[in-house]
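Below: a set of structures, written as structure tokens.
Next, two complexes with subunit A in common: one pairs it with subunit B, the other with subunit C.
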Partner chain A sequence: MNPSSQELLIDIRGLKTHFPLDEGVVKAVDGVDLSIHRNRTLCVVGESGCGKSITARSILQIVDKPGRIVEGSILYYRQSGMGNVEVIDLAALDPYGAAIRDIRGKEISMVFQEPMTSLSPVHTIGRQITEAIRLHMPLSKREAKAHAIEMLRHVGIPQPELRFDDYPFQLSGGMRQRAMIAMALSCNPSLVIADEPTTAVDVTTQAQILELLARLQAEHGMAVMLITHDLGVVAETADDVAVMYLGQVVEFGTVEQIFFSPKHPYTRALLKSIPTMSRRAQGRLDSIRGMVPDPFNRPQGCPFHTRCEEKIAGVCDRIAPPRITLEDGRDVRCLLYAQDIEMTPVQDAA
Partner chain B sequence: MLGFIARRILYAIPTFFAVSIVAFIIIQLPPGDYLTTLVASMASQGETVDPAALEALRNRYGLGEPIWVQYFKWMSNIFLRGDFGQSFEWNQPVASLIWNRLFLSFMLSLSTLLFVWAVALPVGIYSAVRQYSLGDYAFTFLGFIGLAIPNFLLALLLMYIGFRFFGQSVGGLFSPEYQEAPWSWAKFVDMLSHLWIPIVIIGTAGTASLIRIMRANLLDELRKPYVVTARAKGLPEHQVILRYPVRVALNPFVSTIGWVLPALISGEAITAIVLSLPTTGPLLLRALMSQDMYLAGSFILMLSTLTIIGTLLSDVLLALLDPRIRLE
Partner chain C sequence: MSAHLSEMSTISANGAAPLLEVNDLHMHFPIRRGFLRRVVGHVRAVSGISFSILPGETLGLVGESGCGKTTAGRCILRAYEPTSGRILYRQPDGKQVDLAPLSAQELKPYRQQIRMIFQDPYSSLNPRMTVLELISEPMRINKTVAPSEMQDRVALLLRKVGLRPEYMRRYPHAFSGGERQRLGIARALALDPHLVVADEAVSALDVSVRAQILNLLQDLQEEMHLTYLFVSHDLSVIEYLCDRVAVMYVGKIVELATTDALFSQPKHPYTEALISAVPKPNPLLRKRKQRIVLEGEVADPANAPSGCYFHPRCRYAEARCTAETPELRNVGGGHYVACHFAEKLTLRGAESVALDV
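Take a look at the complex of A and B:
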């Protein structure tokens, strides 16, 4: 990994975001390590409920109550002109403070899953976009409107002058998502976080939206953090991949590393569960055995050991694997690759 | 938008006629008419009525005619001459009896409505945003008390407090010296100083229920993804809440005008009787008891019209607020 450390944009270390509920604490994010680099696309994959979205929301400090960041750091390498880099720990900022609000929507912006519900139903899309523009840029009303229309045109919305005054329910799903992207890009951010942006649209539109994101990334030179559970999307768009399981990044590497030589048993199992055209219709599709554990009752040791095909009895259910950086630069959280850890199985005194 | 309003007004017209027919039938429903009531009350005082005189009265008031003829006469007089008929009991044209009271009733309702909104909106927002906080519990408690206490009890209580501790002349809308005086600035100020008691009494239940409605709506809206979007834009938290979820949660708030307006006018009857307010409530009750047909009918017609206007108003306001209604 580490293409060049100067290009580092976001560096998350040991992030823990917990939800204290009456029934117990849900550790939605429990020790995430990953980094996002300028001009690169990071795809975060994992099953539902593995903490992908909460990780993304933690970056902007917009985790819904009662969730909050309890540990770890999110270092943001902000370019402050003249090649100087200022380092801000986003995790330490007050979620309601001016410092984080200044970053939200301006330097780091977000595209949400369902454009229908993520846009206000009672405001025109023009109004919702210009609001973001006027908040972060010193533009007059008229200039902001011109800029918003320009952004709408830029994301491929036909007749943007007319669509400016439309309400979200008057647009198709694809157009709504484009408007959402226009809003996210309007202040020229250095990072766009897209939280499953294509889940709510049909397959054709999905391809268009992904192409659009790729084109905009190339044009604007921004980083993209794309959250998805679709490995096909990952293969097409990612530079780097973070595979998440139960609130942790279990493997983090380049897209080639992940797809061609997956190291973590979970990554391997995930890749095996994709249907391929060449396999014909014969044979059953592999699936990962077992269920995602109950969030209130996380397994001891490695969180994946209950479903792992390669678990070492007496080790994996005892020791929580640390982050191990392999020779090719990737990170993996699996005791199979640990060298300096006491590996002798604990024999039950039976 | 104009088409929408025009269509709503068109709907309102047949509704008005349907309501007027129902109102007229309901007034006619109790057995007998004003004359039987008159005979009964005179008989109870040991007097007898000459059947010939009775017949003359019956003809004069048109009480012997079929019900639909009576209805038709009544309606055409209202529309052609603005004549609401004659009050039997007061022996005066209905119009001269009700306009003044209707005006005071309307003033009272309007100020109560404003009071209800002014209290319910901020408290509702507070209760939702700070759900399960001490303040939320306190307002919830007060709200349920407000809903549970009957108006007349509250009226008696406030009258006692106003008299005992503030030495105010309670009851009525005016101090004795302004009772019969023509309208002046001083009389208006005097009215305002009396108005707060009925406003608080009549408004309490409405405020309490609107707080609950606002709180419930806002709690729903606060969890919607567009709130997160607004927050992710970098808006300050109070703007996030006021511009987005509150704006959407206002819909039911506005749509309540339709029923709040007539409820305030009819709901004040009991309060008005206890506080002896010169509003429509007590007069309506008396007219209904004595089967003073045209007086009662005109009141009910007015109240129904206000309901229709209230609904129309809330429809238009809703359309202004929510583009999904306006643009279908």
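Take a look at the complex of A and C:
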């Protein structure tokens, strides 16, 4: 990855989104660093509860209560005509203010996981798409309808004039997801965030949707942030990959770096736990021992040390690893790659 | 139909006699409309499937949602009463019994021998029962274990599935998804079953936990001589776990073969498309291969197309496919395909995706 040759779109630094609950504070996102470039696809991968969805929602400031951004910045490099770039810190905006509402749904839009629950069941899909268009673009009702039908055709919905008046329940799962994508793209956004867009659909439909997203990206030149737990989807769609664990990005690099020379023990373990035919011959799958720790009891030091095969006793359970940029440009949060940190294990003083 | 079925059983008779033989099984659900709830049609969820499972093997049943794989599994458990067909189960003494027409009372002894692992570990465990109550329930109802020995037995089962017996008094909410799935497995194994139907048993789990559960299922199979019918939509899990695989499409089996043969040399165009649609965890493959993207949607089982059900989406369809329904037939070496052109087509299998990590 060579950052200078690419245009930076979103730069997240030290983002923390916490949920203060009666039982304690859930640190869903706890110091995330990542960047999204124009025209590229970033895949965010991790197990459930690692904070990948909350990171995405923090960008749009749609984190559910009582969660809120407590620290860090989300710099958005907005293109404001004439080649000028304006930098906005999205984390500092009021979630209910006009500034973020102008960006949300227009310049940065979102495709949700389950279209049946994220589309309104009591409005036709046409009405829902035109609402978004009319909110952000100066178009008349008739022009907005024409534009919405054009978008529906664009995402491969047959007979869009008729489907325009359908309710979400009248469409199949794949068609609903297409309608959702049509809505997200209707204002020509510079970033589309897709949160597990294919988890609720079948493999053949998933292939259709991924193909569609790739085609639309090539045509519109937008950036895509794709959140998924499926490493197969990552390998097929990503340019850059962010691997998340317990609210942190533990490794961030290009797709080739992540798949062919993973550095963080967690990335390596994830790749090893994919079931394939060749693994079958070896007998057992390499699973990661234990489970994701309880959100109220985050381990001291490196969050992964309780499950890590390569942990250094007395170091990893004490020092929280900083973000380390390796020679090939990738970021890793692991003390195995730290050079200037005091690595001598602490012997029990007692 | 009957001709090639007898052939099927002779093949399996080479080794051991099959534990389960399913014979032209149909399960149709009536569609009722109007004030009088008149039957206006049928959803042919399962329309004439036949397969057999050998003792000790894992048979995978794979297909997209709505293809009838879950219904087929439930018919075998007799959670549904099949419309027609035979479900021949071989008892430990070697006698075969047809489960399809039996009444609830007559089924009772077989219910102990055929058990189920459910998909969703959150909704399949009663939140108001402790682990002890949950796991001992099947044994208490079937009176297989004396009440005084119950705790020891539950502790043994918990250890077997990798949980600590001290957690016996806890309620399901205190466990994570992977641990709950282990509880579900312990419950399924409580009666020492012979056949276990696992319906999407690992679909709700994360990658790392999924690997743990798959390993556990394999260990238990070896230890307790279990036979699995593994129902899943996930081809990579099927490929990893199963000895033989049956692919279903709109209520019919379109291909049945050993896992190696099915994935390396698929003979049905639907299997080819399904394998090609699975995202491969290797970025190099994305440049090399052309993904087959199926057009349109899965056919409606209440209103299936004529001839071969797959013909409207098939790349190789010819005039014959719209008129004649292909039978599932043996194309050699126990590879069964329901396609008129199985011998002529050269289809693409799964590419090697080995990553050195």
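By definition in this document, the second predicted complex is superposed on the first by the 341 of 350 C-alpha atoms of A that agree within 3 Å, B and C clash if a C-alpha of one lies under 4 Å from a C-alpha of the other, contacts with A are read in each partner's own complex, and residues count from 1 in each chain.
Everything that follows uses one rule, which is that a contact is a pair of C-beta atoms (placed from the backbone, for glycine too) under 8 Å apart; a residue touches a chain by one contact, two chains touch by 3 or more.
Please read these numbers as outputs of a predicted model, since none were measured by experiment.
A.B. asks: Quick check on the subunit A-based superposition: subunit B and subunit C, clash or fit?
C.D. replies: fit
A.B. asks: Let me test your reading of the model: by the given contact rule, A:I62 touches which partner, first (subunit B), second (subunit C), both or neither?
C.D. replies: After superposing on A, A:I62 lies in contact with subunit B but is clear of subunit C.
A.B. asks: Mind working out whether A:R104 is in touch with subunit B, subunit C, both or neither, as first, second, both or neither?
C.D. replies: Once the two structures are laid over each other on A, A:R104 reaches subunit B alone.
A.B. asks: Decide which partner touches more residues of subunit A, taking subunit B and subunit C as the two options.
C.D. replies: C
A.B. asks: Could you tell me if A:R178 is touching subunit B, subunit C, both of them or neither one (first, second, both, neither)?
C.D. replies: After superposing on A, A:R178 lies clear of both subunit B and subunit C.
A.B. asks: What's the minimum Cα gap, in whole angstrom, linking subunit B and subunit C in the superposed view?
C.D. replies: 10
A.B. asks: Both subunit B and subunit C contact which residues of subunit A?
C.D. replies: After superposing on chain A, no subunit A residue contacts both subunit B and subunit C.
A.B. asks: Within the complex, which stretch of subunit C touches subunit A?
C.D. replies: Answer in residue numbers: 64-65, 176-179, 206-212, 214-215, 218, 233, 235-237, 239-241, 259-260, 263, 273-274, 276-283, 285-286, 291-294, 297-298, 350, 352-355, 357.
A.B. asks: Which bits of subunit A are touching subunit B when the two form their complex?
C.D. replies: Subunit A residues touching subunit B: 57, 60, 62, 64, 96, 101-106, 109-110, 112-114, 117-124, 131-132, 135-136, 167, 169-170, 180, 183.
A.B. asks: Which residues of subunit A touch subunit C in their complex?
C.D. replies: My answer: residues 47-48, 172, 174, 202-208, 210-211, 229-236, 238, 255-256, 259-260, 262, 268-280, 284-288, 291-292.
A.B. asks: Can you list the subunit B residues touching subunit A in their complex?
C.D. replies: 223-226, 228-237, 244, 247-248, 321-324, 327
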